[in-house]
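Here the structure comes first, spelled out in structure tokens, and everything after it is commentary.
Going by the order they are written in, the chains are A, B, C and D; count residues from 1 in each one.
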Amino acid sequence: MKKLHGIIPPMVTPLLDRNTLDIQGLEKLIEHILNGGVHGLFILGTTGVAPSLSYKLRSELIERTCKQVAGRVPVIVGVTDTAFIETLNMANKAEKFGADAVVIAPPYYFPAGQVELCQYFKDVISEISLPSYLYNMPSHTKLIIEPETVLEISELPSVHGVKDSSGNMTYFNILRKKLKGKKDFSLLIGPEELLAESLFLGGDGGVNGGANFAPKLYVELYNAAVDEDWNKVRVLHDKVMDISTTIYSVGRFGSSCIKGIKCALSTMEICNDFMAEPFQAFKKGEQDIIRKHLQNLEIL
Amino acid sequence: MKKLHGIIPPMVTPLLDRNTLDIQGLEKLIEHILNGGVHGLFILGTTGVAPSLSYKLRSELIERTCKQVAGRVPVIVGVTDTAFIETLNMANKAEKFGADAVVIAPPYYFPAGQVELCQYFKDVISEISLPSYLYNMPSHTKLIIEPETVLEISELPSVHGVKDSSGNMTYFNILRKKLKGKKDFSLLIGPEELLAESLFLGGDGGVNGGANFAPKLYVELYNAAVDEDWNKVRVLHDKVMDISTTIYSVGRFGSSCIKGIKCALSTMEICNDFMAEPFQAFKKGEQDIIRKHLQNLEIL
Amino acid sequence: MKKLHGIIPPMVTPLLDRNTLDIQGLEKLIEHILNGGVHGLFILGTTGVAPSLSYKLRSELIERTCKQVAGRVPVIVGVTDTAFIETLNMANKAEKFGADAVVIAPPYYFPAGQVELCQYFKDVISEISLPSYLYNMPSHTKLIIEPETVLEISELPSVHGVKDSSGNMTYFNILRKKLKGKKDFSLLIGPEELLAESLFLGGDGGVNGGANFAPKLYVELYNAAVDEDWNKVRVLHDKVMDISTTIYSVGRFGSSCIKGIKCALSTMEICNDFMAEPFQAFKKGEQDIIRKHLQNLEIL
Amino acid sequence: MKKLHGIIPPMVTPLLDRNTLDIQGLEKLIEHILNGGVHGLFILGTTGVAPSLSYKLRSELIERTCKQVAGRVPVIVGVTDTAFIETLNMANKAEKFGADAVVIAPPYYFPAGQVELCQYFKDVISEISLPSYLYNMPSHTKLIIEPETVLEISELPSVHGVKDSSGNMTYFNILRKKLKGKKDFSLLIGPEELLAESLFLGGDGGVNGGANFAPKLYVELYNAAVDEDWNKVRVLHDKVMDISTTIYSVGRFGSSCIKGIKCALSTMEICNDFMAEPFQAFKKGEQDIIRKHLQNLEIL
């Protein structure tokens, strides 16, 4: 597997109800995303609400996605779990169905010390055959993977990069600085509001939710950065901020972003907008606002 | 099932390694606890590190515990999960193996709004046959079940009580006040440092970790409160604080309490001290300190 | 000065506008509180919104209060400040006008480490002639005075006690335990919702906001605890919870408690309800609710 | 006053002891900074530890700084205070001594709601004659000035910009987006680790602590951004990160950054390194590390 780079959308999980995949929607969504020219596909992350899904459904999603993508781009699978054994089980499924790599965040119920966390990553990664990526997501795991821990884990031969969703660019800049010597190590940014600047500062790509419904925009931004066309990067960054301040700003809970993406996809007739518990899909009023936003943004 | 009251220890899960129960230890531990005169047994809670265990092992633990207890006291099973379906699966196991009730905390990855949380509890509880108890544990779930939410959920006929591990006695006092009319509704306290005062103020009992190794102390304290022998309650509270400031204060991470309990049980030759990831058992130096504390406390 | 004990109300600061004392209101308020049989008076604390007042006004308040109280009970003055020198200036004012002791919380802008905090308390207390009390108030100072730090500072001869407003009864119980040997050291509780249990567990008294408008209730509760009439303590605790769940629960911001107290005093025609910035007094609608609550509670 | 832009260092306050300015050091420091070609000077901010200084010393610092700068660059004065009246007093001093503008963060003891905060800013700014800048500093004030609040306050004619020290680039990007129409409104970044990207994305300049000892580096970076020489910006950003990961990473408390700056200035024989309480200057061992870092960075 080549060094991971570019736009690797964190795919939402299309559902008909809490334990049934929207299979038709899934196929349409994958094709929609791949048509955008993305460089990879990340399933069962936070945007994919993995922790809210049954293990059976997670397994089915891996199988169907790998089959549908069929090697066109790398498929990366989130295997984060509070239970060590269940992380391994899911990593084995990923390998069996042909995924290319796994992503692991800290176990998210017990607050581990940094020493304990470091040992945890070493232990779990040593049992997984696929290449691994670390996932820094303190808003949901309540644990930061400190730069020194990343550095220590990055010495393991099967660790190929970090996805940073902390939203903390000082952290990102410190990582970039400390990992400079590692040429084959990917540093990917989560929040799309930070994509332009992370690319400007030497990041390798983005795992951005908006690339579910507008993959071309993010790919174009990435390509402009590769071409060092910084004016274009800024124009496209402005469009990304247009999405962030509209589509992701409807509703009043922390879940506004995921709900906005699913509602946009449903409005675009790509897949169902059912949300697994503890969330619920936008109602009519919010749907209408999303529709208007999509029209203003010329996405619809 | 009668109204839950008294001391219901949150049992640790004796392990030989990360995916193997210490079966002999489990049997010894259950007998040790029941010999202390406790009023119930709570398995697969935070002290039982449920989120760190494979589902297979959790299922085995329920089966073996129910069989061993054999109706001598009610067995309560923690079924909290980030995935709705897995909560139901575990609740079905609990029912199948003969447990008496389940305990449910908020799903702990995504930060739900209080309205979403309330709907979640209604939905999940309506699908569970066994009596349910709410579990307020904000330090680990990062969500408070606000008093108004508890009040609304308490209207469901199968909801029989709350276990409050917030450590916030103002919260507890507000709950006590608001739930006054509900005669058959149990209000149980988690932190043993707060057991004496919660009983003094009308609480129904405690789910206290120390009752794993010193069950008689907590039962005696509970009985003294029932007898309104408040001087005795205070003397015993002082002993509880002796445990808290010694056994639970070794080591430097948030996991000191669970590690201290397991180390005490191992020192007392009741069960193995293996800790599931991301934690690790105390080493020799810390073990020696725990042994000394147990001797000073005349537990050993 | 005798060991501080009993009910020491944290007096609100009656204001006509942002920089003018309500002098008539102040006199009436002091007499109202003292008529309740309280054991001391604490001015310029959090309830007294000291940080929101000009230094000139703080100084005037100390002078007028000391003069009006005229030795009938001890007057304790909050001198917490982010600037070392201003803490000393205010402590000198307190001494000059005849106050009996000062209360000091951690400086609240910069996040000091515990070692730095410990040194800070040693340095500042060594420059103050009056007896000093530590003030643990993490919700506002964002710093906990850890039990070990309290223990170390308690060795200074001029330190006579701690006021704990953390709301964390485990912390309080640990302090009580560790300070057991110090017979002349006072442990006072801030939140009135925890007064009953703190007295039950050996606390020395309360610094409770409700004693501004209902001083007799808190004094009666304290006296019942001294008499070990625990049933009476519980009945009165229930009345305290009635106040907490009504008077302090109007409005939607963290300032509900202080606003409720001031509004109650204004409704009772004791003093003006003007609130110093960044707060604002309750409007008509909220005032009517407070009035109704006071009537239901038979305070009005 | 022209639109504020470029590098406006947040000056440390040189002290001989807790209440005595290091007057010679202050003069040397101002000349050192101004020789670096900076575009303004910000005194009495967080780096200047304003909240830790007596009011008398703050006043003296304003007077001496304005006199020494003598109009060569604009002087901006932090007037944030928990007390409304003391903010006005300090703003009056700033005006009297000839400063050009004031900076105001939220009052930092009481947790105001956003509505209350908005009203507070309107009230306080309406009483100040000098131009005002908002200061978003949630790590120390514990309050975010939400984008909608900034937008509302920005309508006041005397409000000319925002200094954002949140470290949250998504927040910054949202502000940039929402304030796009306001041509004369400055958006300045606090953390120097984020200077390059904020300039890349349309920010107007930086209030960066490192410009106390290495002003030329930050000015050069700013000028390269103005020239759209993005490769140069990245090379200089890398040097800024070298400072951040060395000079600011000695010692174990939150105060490492300010201590590192003061120690560097003392090592460079520019001014005294005395730290006002609750902090303390680095000791010999840490000083030696800072000296080595400065040599490696070719600053010394």
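Quick note on the criterion: a residue touches a chain if its C-beta (ideal position, glycine included) is under 8 Å from a C-beta of that chain, and two chains touch if they have at least 3 such contacts.
What you are looking at is a predicted structure, and each value in this text was computed from that prediction instead of being measured.
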{"item": "Least step count from chain A to chain C, where 1 means the two chains touch", "value": "2"}
{"item": "Labels of chains that are neighbours to chain B and to chain C", "value": "none"}
{"item": "Chain separated most widely from chain D, comparing mean CA positions", "value": "B"}
{"item": "Centre-of-Cα separation between chain D and chain B, whole angstrom", "value": "50"}
{"item": "Inter-centroid spacing, chain D versus chain C (mean Cα positions, whole Å)", "value": "35"}
{"item": "Chains grouped in pairs wherever the two touch, ordered by label", "value": "A-B, A-D, B-C, C-D"}
{"item": "Parts of chain C lying in touch with chain B, wherever the complex brings them together", "value": "167-170, 173-174, 176-178, 191, 193-194, 196-197, 200-202, 228, 230, 234, 237-238, 241-242, 244-245"}
{"item": "Chain D - residues contacting chain C, complex", "value": "18-19, 46, 49, 51-57, 82-86, 89, 106-113, 116-117, 119-120, 123-124, 139-142, 252-255, 276-280"}
